[in-house]
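Both complexes below contain chain A, partnered by chain B and then by chain C.
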Partner chain A sequence: MSDTTDGQVLTTQDGKPLKAALAKALRREKLRALLLIAPLLIFVLITFVAPIADMLFRSVENGIVAETLPKTAFALREWDPGSGNVPDEEVFAALYGDMVVAVGEKKHTRLGSRLNYEQSGISSLFRKTGRRIKRMDEAGPFTEQFLDADKKWGDVSTWQVLKQFSPKYTDGYFLNAFDAKRGIDGIEMKPADERIYMLLFGRTLFLSIVITLACLVLGYPIAFLLAALPLRTSNLLMILVLLPFWTSLLVRTSAWKVLLQQQGVINDFLVWTGLVSEAGRLVMINNQTGTIIAMTHILLPFMILPLYSVMKTISPTYVRAAKSLGANDWTAFWRVYFPQSVPGIGAGAVLAFILSIGYYITPELVGGTSGIFISNRIAYHISSSLNWGLAASLGTLLLVAVLVLFVVYDRIVGIDNVKLG
Partner chain B sequence: MKLRTVILAGTALAFTGSAALATDLTLVSWGGAYQASQKNAYTDPYMAENAGVNVIWDESSAEAVAKLRAMNEAGNITWDLVDVVASDAIRLCDEGLAMEINPDTDLAAAPDGTSAADDFGDLLVSECFIPQIVYSTTFGYRSDVAEWGGKEPTEICDVFDLETFPGKRSLEKRPINNVEWALLCDGVPKEDVYSVLETEEGQARALAKLDTIKDNVVWWSAGAETPQLLADKEVVIGSTYNGRLFALIEEQKQPVKMLWDAQVFDLDGWIIPAGLPEDRLAATKKLVKYATDTQRLADQAKFISYGPARKSSAPLVGKHATLGIDMAPHMPTDPNNAKNTFLYNYEWWADYRDDIDAKFQAWLAQ
Partner chain C sequence: MANTRGAAVKYDSVQKSYDGETLVVKNLNLDIPPGEFLTMLGPSGSGKTTCLMMLAGFEPATHGEIYLNDRPINNVPPHKRGIGMVFQNYALFPHMTVAENLAFPLQVRNMNKAEQEEKVQRALEMVELGAFGNRRPAQLSGGQQQRVAVARALVFNPELVLMDEPLGALDKQLREQMQYEIKHIHESLGVTVVYVTHDQTEALTMSDRVAVFNDGIIQQLSTPDDLYEDPQNSFVAQFIGENNKLSGKVIDIQGEECLVELGDGTQLKADRVNVSAVGDQTTLSLRPERVEFDTHDSMDNLVNARVEELIYLGDHIRVRMNVAGNDEFIVKVRNRGEKRTLNVGDTVPLGWALNDCKALDAVV
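This part shows the complex of A and B:
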């Protein structure tokens, strides 16, 4: 569009160009809207976006080496890690200077635990050296004295780790999350007996899909029933669906333990009926079966409720019309009713899947070793090993995986097709 | 307007009032019977003697390391005294999250004048750690298993013997203790266990030994699981903390017996978080000095079957407060129970924990 008519600029009454005046008014409008949502926006930014961003940043942040051993990190620039030789006296002298300061501030052990994630033994190397540093001769030569304090200072690998993690940012955590590491010749996979994260990611995805499908298969008929029954009966049934919601998650999971274990209620019943022999009691817990059963139970309401609210809006007249036009029950359901319930399936599946992929406590309790998720490892690195960088990179990968799946889902099902009611 | 002023003034008064009357100290522990024993033996008598002190308990010891780091980063330490196992104390000390203590000034001397440093002896495994109890991780087994034909396990390697002692076992879902036991039963002499474990072959060897029973293991992550599994007959033999087995056997009267062989000693104690303000630090130090003196540590053994960390407390250990049974024979340190013990190597595990844990978890997941 052109803003001139016959080459003349349109103006408002007080002579300002109309376009500018309009833009100004719109801007004011926008600002007011922004101010209105500002409290919520600030709240979300501070309590949600900022912590997540901070956590994600930890997956690459690695300032600790350069901060604790600045001179050493600088001196190591000249050293060639592929040379096979330990750095020269100059680097050891820099290390001495740095260590004296670090020990004074009690920072050296912290660096030791950080580098120990990369190579076992560095933790005690720094602790030991820290104790010896006060007794070292300030005049040097330092190489001898450090080797005397701990022979690991004579290992090229120690120095390789130190040099590799000198930069302020690292891809080390992400490589680790991909079961890879940086060797001398570039990135390589870890030995087979140390690869775990990709396996767990794969398993988390697989089990989440299975759980979502199980929820759908079990939830669809219930939602259908709820939507079809008269209000009084359906309300009663609805309470049964919601009841588990009001029970603590831990109680529900523990109840599954009582039911599923080998000396548990279900096995006792099967043995009593003679379906299963005493020796052939089923193993239904502390494995994938346990995780699938317990998680399906927990996530079922998240599938049923969106399905129900969508089905409630489907007018029964359509099915009736289909039947009056000669469709049998199945055709009427499959060609007329089901397509209209797809948005509910979409919403329920997204909810159940996303909740499932990040689940932690139920797999931990009933999953044994074959039924645990990646989130269990993330929790371990957050609360037990304190390797927050690795936890952050695993969390980032999980977040990216969910976003990618969401986009794929959008392409296939269409996010417009998702309805919560 | 007037009402609001009154309310505000009232609240302000209430706050200043409580601050002037009581010093609140937040203690962090493990909950359950253990925390109750600390409350009975340490803090209740302390509060009775010091009217101004109010102790608040937080059952967060299991996540203490992560929470302390988060508090430290936020610059707001809300805990005053934290109960952790020794390996966590070393970790916290390394990270600069726990305060270094001086045993001779911060801890009480023994009644006979022995300095605290000598009284605790080797158990002061870290500069930040104030030991309270010695506990052990050991096995309990059901004494009514028909398939065993009257035999009962007598040594650690019976855990790996599926032929004589069929049935499920429960083991902790982490490498610590399990790999040591595996190597011991694979023929490695006790003194060589850690040097063998340092090598790739040694680690593979330990996992290979565990492989022989892997299909018959239920892995636990909380100490309460093994007693529950034993009581439910889900497992016939399982490892856990000796105090949990004591409760199962003596309090719940389950047909379970202790297999003390190759029990692994470990320590539990206090750390003081780094960066406490002066006044709170002074109040905390006063409490610690009281709570870790000879009598208090001996008193704790009336409530739970863990051995006091001071040498001078051992002779003072008496009977259980409610059951009335003699506690000494139930202590992991009792000579009859401690015929064959294994000493956990803290320094070594601090180095190798990350590496071996990765391998162990990969092995578990496969």
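This part shows the complex of A and C:
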């Protein structure tokens, strides 16, 4: 036996440090534990972490200008956009050299459509120039030939875009996502009628909060009832809560279309009862109302389940104790029961909020134009406009927003106050 | 009673059924005078907790009326009854500190802040937890939580305090200590206490009177010593303390005495408690410590018995014997430091007095 009275390192019988011996003894177990989680770990890394990392990278990656027009990009370093003049002959010569190669490899149209995100018209500029490049005189002078091919080569803004996107990495996508752009005098906001993403972010946040609150208001009494009823009855009712999970999301959303549209069931009923005149049929779909109603319906179980599991653990004797101490029903609920159910509210609210902030299909189907979320715009850039860089930067912003909200939530309520069951 | 701050409770032919098919409480009549410590004792499912819950107002009585200070309270909601209650698992509010827990009944009564604080502090000091006001219940030990629960039930000066197996979750030593503390608090405050337990030691230690419940009926309502000395039926004899049972048939009755013949023909004299006629089946009840090895001819009952087993327990020795075919017959011998003279297999004479042997109803 070794002792520690003189403050020395504890050792085993044969003189090795005890800590090292312990680590060695536990290594096998740790390795086995790691092997057990390895399949899931690899799966998560490949299907979750890697795509997200790739997406985050795409939001700043911008190799296309330097790859397609390497000489031009190099030559443009010397040019100052603030001078108000187009670059000199040397740059046009470099552009000619690059374009010949690019047209040969048919890469110039790709660059054109990429730069078209930044300034419309560049796509056609590149296509037009591509067609003319073979007829140009190799001896130069190139400035006139390019200006002859398309007047836009004479615009400072064209060159400014080219120069701005020459580096391998760019903040252009993020500026775009913030409704900003880089002007001659640095970063500036876009004209008010072109701003869209901040509005969408704001709307997404606002609607998500409204939906979460609606879920809470509707879900709390249900969860309370479920937790109070005997197990047999509550299990039966729980099936009703879970029923929507077993129905296709599309079917449920379409059902709301049938119910809510102007010639739909609810409006017909209201007109029939005379509450609403034939001309005054309510617009409840293809707008924010539709999104709120349908999403609340879809996310309700995610609020009820954590609430229920927390409420189930609150012993009814607490309320009885409160009543025996003189509290009436409301005081007993508000002072004793409700504070103990807060972890469930936290868990349910976080779950519903995070799900709704990234929701896509329901707003797409019932949101019209005023009820769509930022995720619909991301999907549009992924699948229609093919501006993946912008989609990635919008996605990154969404991710950051969620993380920030999480931190704020942690500060206010405490993340350890969240209980999922 | 030291003082009479307590309330009087009266159950008047109270019945309770949960399913409409069986009665959990069958026709309960019970008078509890002010300031009494009454214990409802019984095995689980005997209806004792239901009786308590009806008094607290958490279960409605199916039939009959409960009176608190001669006022019928069947239609008074629990929070207006002003009854303090200590629950089985204390039910201290986990999200409040100890002081907030204690202040809760005062807050809902709209007492002013200064008075609240004073009362809370006094209640905490009563249970010797004066310095623990700012702790959360989870930071206290089981015994401390128990004391807080008692203090909370008393802080608003109720005239009646109900306790539903409050010591069930504590270990043996702590339980015994708390029994004395609760008893002393009761004595100094003079409130009426209705206490529910299935632990007979607890009931005997603390109570003025004990109501032994079984099968929804009060089997016997007496002081602790009466319950032990004069059980009125086999259930009570069996439930309270240790007991030897001998089954037989009544062959003669003379006043308060009767003669009982056991299965093997042994005849024993017994105190006639719960037999009505000659020929009745009966169970004789006999406490193990009342059986003597030092027999003499003037004893009422004398039998020979075989020693089956000796169990050494320090202060006494338990001797399992075969008496008239019953080999579960226990005799307690005080350990006086003499040399042990009994051996397994010996047949020795036993004797006991007529008054210690009660002829009760036959166990079905």
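Heads up, the rule we're going with is that the second predicted complex is superposed on the first by the 384 of 421 C-alpha atoms of A that agree within 3 Å, B and C clash if a C-alpha of one lies under 4 Å from a C-alpha of the other, contacts with A are read in each partner's own complex, and residues count from 1 in each chain.
In this text, a contact is a pair of C-beta atoms (placed from the backbone, for glycine too) under 8 Å apart; a residue touches a chain by one contact, two chains touch by 3 or more.
The model shown is predicted, which means the values in this text are computed figures rather than measured ones.
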Fit or clash - chain C, chain B, common chain A: fit
Which of chain B and chain C A:Ser124 touches, first, second, both or neither: first
Which superposed partner A:Thr331 touches (first chain B, second chain C, both, neither): second
First (chain B), second (chain C), both or neither touched by A:Arg320: second
Which superposed partner A:Gln340 touches (first chain B, second chain C, both, neither): second
Superposed arrangement, angle subtended at the Cα centre of chain A by chain B and chain C, nearest 10 degrees: 130
Least Cα gap, in Å, left between chain B and chain C after the two complexes are fitted on chain A: 46
Footprint overlap on chain A, where chain B in one structure and chain C in the other make contact: none
Chain C to chain A touching residues, read off their complex: 56-58, 77-85, 87-89, 91, 93-95, 104-105, 108-109, 152-153, 156, 162
Touch list for chain A against partner chain B, complex: 106-107, 109-110, 112-113, 116-117, 120-124, 127, 193-196, 199-200, 203, 261-264, 286, 364, 368-370, 372, 377, 382-388
Residues of chain B touching chain A in the complex: 62-63, 65-66, 69, 91, 93-96, 168, 173, 204, 207, 218-219, 221, 232-234, 347-348, 350-359, 361-366
Contact footprint of chain C on chain A as seen in their complex: 315, 317-318, 320-329, 331-332, 335-336, 339-340
